[in-house]
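Sharing a structure here in structure tokens format.
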Amino acid sequence: MGLRIAARQRARAALLPPQPTAKATDMNVQTQNPALSAVGVAHAHHYPAKMPVVGNARLYRIVVIGLLALAVLTPVGLIIYQSFLTGPFFSPRAAFGLDAYSYVFTDRNFYKALGTTTVSAFGMVAIAVPLGGLLSFLITRTDIRFKRLLEILVLVPMFISSIVLAFGYTVSVGPTGFLSLAMRDIIGIVPWNIYSLTGMIVIAGLSHVPHVYLYVSSAMRSLPSDLEEAARTSGASIWQVSRDVTLPMVLPSIVFAASLNVLLGFETFGIPLVLGDPNGIMVLTTYIYKLTTLFGTPTYQLMAVVAVVLLLITLPLVWMQRRLLRNARRYAALGGKGARVATLKLGRNGQLVALGIIGLWLFVSVVLPIGGITVRAFVDAWGEGVNLLDQLTLANFVRLTEVPSLVRGMINTVILSVVGGAVAVGIYLLVGLAGHRNHGLSNTVLDYIVLLPRALPGLVIGLAFFWVFLFVPFLTPLRPTLFSLFIAYVVVGLSYGLRLLQGTLIQVAPELEESARTTGATIGRTWRDIVIPIVRPGLAGAWALIMIIFLREYATGVYLMGAGTEVIGSLMVSLLTTGAMNTIAALALISIVLTGAGLALALRLGARIHD
Amino acid sequence: QDAALIEAAKKEGTVSVYTSTDSAQSQKLQDAFTKRYGIAIAYNDLGTNGAYNQVISEAAAGQVTADVVWSSAMDLQMTLVKDGYAQEYASPEAANIPAWANYKNILFGTTVEPIGVIYNTKALTEDRLPKTYADMITFLKNNKTELQGKVATFDPEKSGSGFLHHSNDARQRKDFWDLAKALGEDGAKIYSSSGGMKETVVSGENVMAINIIGSYALDWVKESPNLGVHFASDYTPAFSRLALVVNNAPNPNAAKLFVDFLLSQEGQSALAEGGLPAVRKDATGGLNIDTLNERVGGGLKPITVDEGLLDYMEPTKRVQFLNDWKAALGR
Amino acid sequence: MTELVVNNVQKWLGGLQILKGASFTAERGSIVALLGASGSGKTTLLRCVAGLEQPEIGRIVIGDRTVLDGERKIALPPEQRNIGLVFQSYALWPHRTVRENVGYGLKLRGVASAEIGSRVQAILERLGLGHLADRYPSQLSGGQQQRVAICRALVYEPRVLLLDEPLSNLDAKLREEARYWIRKLILDLEICAILVTHDQSEALAAADNILLLQDGRIVQQGTPQEIYSNPNSFYSADFLGANNIIKGRVQTLDGAKATIGGEGWSLPGVVRDAAGVSGNSDATAVIRVEQISVSDKAMEGGIEMDLDDSIYLGDRWEYRLHRGGLIAKANGALQIAPGKVWAWIPSDAVWVFPAQK
Amino acid sequence: MTELVVNNVQKWLGGLQILKGASFTAERGSIVALLGASGSGKTTLLRCVAGLEQPEIGRIVIGDRTVLDGERKIALPPEQRNIGLVFQSYALWPHRTVRENVGYGLKLRGVASAEIGSRVQAILERLGLGHLADRYPSQLSGGQQQRVAICRALVYEPRVLLLDEPLSNLDAKLREEARYWIRKLILDLEICAILVTHDQSEALAAADNILLLQDGRIVQQGTPQEIYSNPNSFYSADFLGANNIIKGRVQTLDGAKATIGGEGWSLPGVVRDAAGVSGNSDATAVIRVEQISVSDKAMEGGIEMDLDDSIYLGDRWEYRLHRGGLIAKANGALQIAPGKVWAWIPSDAVWVFPAQK
């Protein structure tokens, strides 16, 4: 492994200054400079040793990346350790052994779930990435109408956890959903079935479009328009420009969004649980879920094995991503020549087509699920032969206020997402800067650990964090506080937030930083005065995103929350078991409204910084 | 009531409860307890697995924070007792609950919650529903076309409650496997939570759901006009939420006082009021064991709190059961 | 044949009117140089022609197509105008190699890939970039990037070529070569080119026509020689050439002839812009540096002046002269020692304009 | 006093050796111009001095501090070198107004904000940007941006000023003003400046010393006059000035004197680079354009030639001459009609070099 890393570094080195290659050595030998030939002999077969890079905040980088690695690898390591035991790691009866592996790897259901998961993950990516890229392009680079509104609407599918989302779909387009019934009245049958693998893929794909949109659009926003203008004057139409210039220029964010979505596809739980489970369509996460009760008492070692499998999936993904994005400078475009940022003109027909596409997508991925949730929140009964108007009630909301833990949950969630989200973005920024224009081993480490937490199902990572806070002595006092949830959330949100920032950081042209350095700013000052302000729109975006992620997160908190530290998402999970769907719908609707308000606020802040 | 215990409990000032009962259902109980003793409840709704997991993890870490575990997973509760996580407590109220609900003064049944059937009233009418367990099997067999893909039940693989319900039936009734086969023939759909099942029946996506938690269902029908609940008159099993005091509980006195209160007439009435039928006959405000028995048609068969609960905790037996279940269902 | 007509183009940016009614025409097979002070709106005008900015008012015709008409609300997008544009900022696509950057226009036009390869290679060789074809823009020097930008705009032979300071980062030799070659191409292909440049010698040498832009308006237009020797305003006179700007007072005025003078000196000259020039008013005179001959020997009709210094300029020497308030520069082939000299200033080379702030 | 010492700096980029041992020194209060073909490594050398690139080999001393030493592995970061750098690409910070861009260096040095305000305003006024102080870079024209970049690097009066084609986007007038003012500032502040420029007249006029860079090596160094009139290689001779490059054959060779000729013509000249020049070998001669005088009247010692055309260059006319294979350009003040003319070419202006590919 060590060798392979070294080789990879060397391959990568060829594109980064200063780099030893055979050619350079030849020239070195040929040079006639007398001063060199003395040195030259010694160096005859060596490239001159690299100069130390000073003033590059090395210590800072190592410390920050080290701390992050600790925060990520502790729970991950615990899971890996657990997978090699025969019982819970804390149990005196647990012994080392591969029993868990042999159980999982001989289980037919595991392979079935793995296959289904793979198909659905890649299917989801195939839908989400092109659509997300297209949406970002339309919204950031063209003069499409209703931009401000669309910017928010596009993110709405992210507002809700996948469980609630899937549930929303059943209310609108399930077998007895209001839309399905209307359709059946018109054409006699319901032409779709959401309880199928295809249904799952389409719904997951459409609802993950925002995940792509966020990354790609923030990269596109900072793309100077002269690059696109150059293509247009060369004779490229808008679509050719987007295909040939805009999209390739934001390739880093597209690649990342794609790999992140593959992982999300592997990790998604709510959609398969609600849509696949009743018909026995099982994916890895529902398989893990099954393992918690299959043997009566939870079999952590089996869950851990499946989690390890998921972890292993990230490795080739990250590797591929690194290969694709080797020459980061190629994507740095925020140049020093203050290029004017202009939008592409769509024209009348273009507007119609573009708005049509967006409208259709919005209908399917916003109106349908949220409509479903909204309807459900205001009625007690629905479906076949029920007239919804007769059922209208506010009781579901009134009930919320009567239960203190629900009220507390809402407050906690808001604190955690708004304040915690902002702090988390701060942390991601510190980490992002530590990795900024850094090409050493620490950066490789960073690339790999960023995606790791996202590969693990929230339930598992939540459990791991629960153990960490329980068994690591100086952390135990923090366990019953929101802080433990916050740390877990920070790690879970890492792959979303950090990458969003890195994607923006990469686009700051090096000259802008170099000119600050030569003006007399230390690297820290440069970050503070130049880099951070330039990426500030990205920060606001990241905050919005993290806020959304924290607001709707559910699985992570299941084990970590306790009395006084309830969060909405996890409360919904426990409500699900008692069947309080009315309450869940009302809670979900409130959290959607909260998220929308928060997002509007964030965008407003971001927008003001941007103009 | 032991005044010394109350005094000591008040000094502790708080009791930490790990439970699977969502706080909406137990709010009345909590309020009553706190009002009466001025002791705060740290109410941790963790789900059945969560509660179990936290208790054993905390014990291993030497960081016990749970005082009382109050969970509907009867088998997991019994496992905790067997593995020594609970302490014996001879509650003065224990005498007032049925004998089947008291396991060696360690584990106490606090509710009696019937297992039954819910159905969509637009699709089925009360009078068409089978009266007995045996009738149900026939009913499922005779209405295959109408019921195809529209019957729901718990997935014992993913739901602890589901496993408890099904395996208890299997222990109690020889014709359980006939029922399972009939379900299989109807293409029954399996769910991991009550919520999922309820919602599909409310919407008419499923016509009925079998082996559902009846106490919840009795509440649901109050809200949802198109939902009906039904119990077999000859055989209505019922499970119970079990409470235990944790070994090395940080607030042992408050814990004991809380268990006392759970079993007291006041506590039981508060539970009944919240929709969880009381195990005591003298509880008011909602269903108690007697009124419930009437409501379900007299066939109430509470699951006894004893080592029998552990039968299926043995892996081979459990796997055997699940395999049989899947075979019967044709999966 | 007229290939490009720009008529009364007006453009606002950020609340300011940047173009205030620019009009000109350009012929096939000719180069029009667009000159003007920094910030006068040259880039903006080019961008309007390219379709990258939409002027609020005006009309632009390329070939026989109206590509912009403010009144009829016509505005063709850039890609339908068949133009080539070299950006002041280069705007090379950082994710593509030099070859791909240059070949893109051809690819869009459906040229076979073998032909693309050979045409791209040929044009790169032409500008000395043949060996860099596989590099990425970030691996090139500034001048190399600029040349790539030129190749990219030229390779597909657009009808109208818009060049925004295309040679500013090239050294003299390379610049001359590139200029020569661009000129040849334009004549061969019979296309028309608008060249923005800050280098007047470039404009004078390369252009068939010069437009002088001041503050968003075209203030003078003509052949290089016309513009250089017949400026109609102080701005035009001052903008081109190496000049001596002399502030003085009108001493005598007789039709177009005037004498301007100051403390201890007076010069006969011609009035070029009569508005504001009257007897005894303040005035400004412009004298091209090359119009003054200097000798260290007494010269008939010459003015006696003090030489402060001779400065070496490579191909010539520059003399710094003064006489009272009259300060002037002149050139000559020889070094002259500081001291008394005689300067000969033809009176029709002294252009008198109204006083400038 | 020597302010900057650059000694044997070698730098590799992307596997290629870009700098191959560059050495030079620069004095306080002087301007050193760095000339060289596009891609010869000028920018790279500046970046090495600035500390933005770390040369693998070499030593750089600024003032009395060694800021780089390849052997002792010393390399100070840019911010500790007290330099000012004007980037070829401007590198203005898009999120800051002009005022903030320029004032940043002062802020970093802890100057009181009132003083920052006045110093920034003063320097902006100096370069005609006073009214743009509150704009963002993207609202400026190219030339305006470039001037902001110059202000930014100068305002905090660094010890060493590195200018990478700082005037390339300015028009002649503005360029001259800026140059004059930069020069004055450098003398006043006694700092030292390295000026990269592609404009040789700028280098000749503004610099005290010129370094000629070829392919990563400094091939000639000297005062402008030395470099211009005593080039030691074909590259130097050809790079500066407007030249006639004449290919011929050595007909006679006598020490430093040689006669070069071809079909129907022969010219006496001096050998400037003996390596490779021998009797009857091919050779290349360089004649500065301004060295050839042309007259339409017969001239003693003049060569009879054909004038193909006279081209107007504003301040002068360019003549295109030929005689057999001898093709030459010359300048003069008057238009001459095509036909027979006489050209006078002093023999010490005919510089003979080995044949070039």
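Things to note:
Should a chain be cited, it is by its letter among A, B, C and D, assigned in written order, with residues numbered from 1 in that chain.
We take it that a contact is a pair of C-beta atoms (placed from the backbone, for glycine too) under 8 Å apart; a residue touches a chain by one contact, two chains touch by 3 or more.
Keep in mind that what you see is a predicted model, and the values were worked out from it rather than measured.
Interface comparison, A-C versus A-B: the higher count of C-beta contacts falls to A-B. Averaged C-alpha coordinates put the centre of chain A at 53 Å from the centre of chain C. Between the Cα centres of chain B and chain C there is a gap of 90 Å. The geometric centre of chain A is 38 Å away from that of chain B, both derived from CA atoms. Chain centres here are Cα means. That of chain C falls 21 Å from that of chain D. Taken residue by residue, chain D touches two or more other chains at 13-14, 89, 139-140, 142, whereas all remaining positions touch fewer.
Listed for chain A are residues 335, 337, 339, each touching two or more other chains. The full set of touching chain pairs reads A-B, A-C, A-D, C-D. Taken together, the chain A residues at the contact with chain C in this complex read 224, 226-227, 229-238, 240, 244-245, 248-249, 251, 327, 329-333, 335, 337, 339, 342, 345, 347. Listed in rising order, the residues of chain C touching chain D in the complex are 13-14, 35-39, 42-43, 88-89, 139-144, 147, 164-165, 168-175, 198-201, 204-205, 224-225, 228, 238-242, 288-290, 311-316, 333.
For chain D in complex with chain A, the touching residues are 8, 10-17, 20-21, 47, 50-57, 68, 70, 73, 75-85, 87, 89-96, 104-105, 108-109, 136-140, 142, 145, 152-153, 156, 162, 217.
The touching residues of chain A, when paired with chain B in their complex, are 88, 90-91, 167, 170-171, 174-177, 273-274, 277-280, 286, 289-290, 292-298, 380-386, 391, 395, 399, 402-406, 463, 466-467, 470-471, 476, 479-480, 558-559, 562-564, 566, 571, 573-584.
On chain B, the positions that touch chain A within their shared complex are 16, 20-25, 27, 41-47, 49-50, 52-54, 56-58, 60-61, 63, 65, 75-76, 79, 120, 122-123, 152, 155, 157-161, 163, 189-200, 202-205, 213, 216, 220, 223-227, 312-313, 315, 318, 322, 331.
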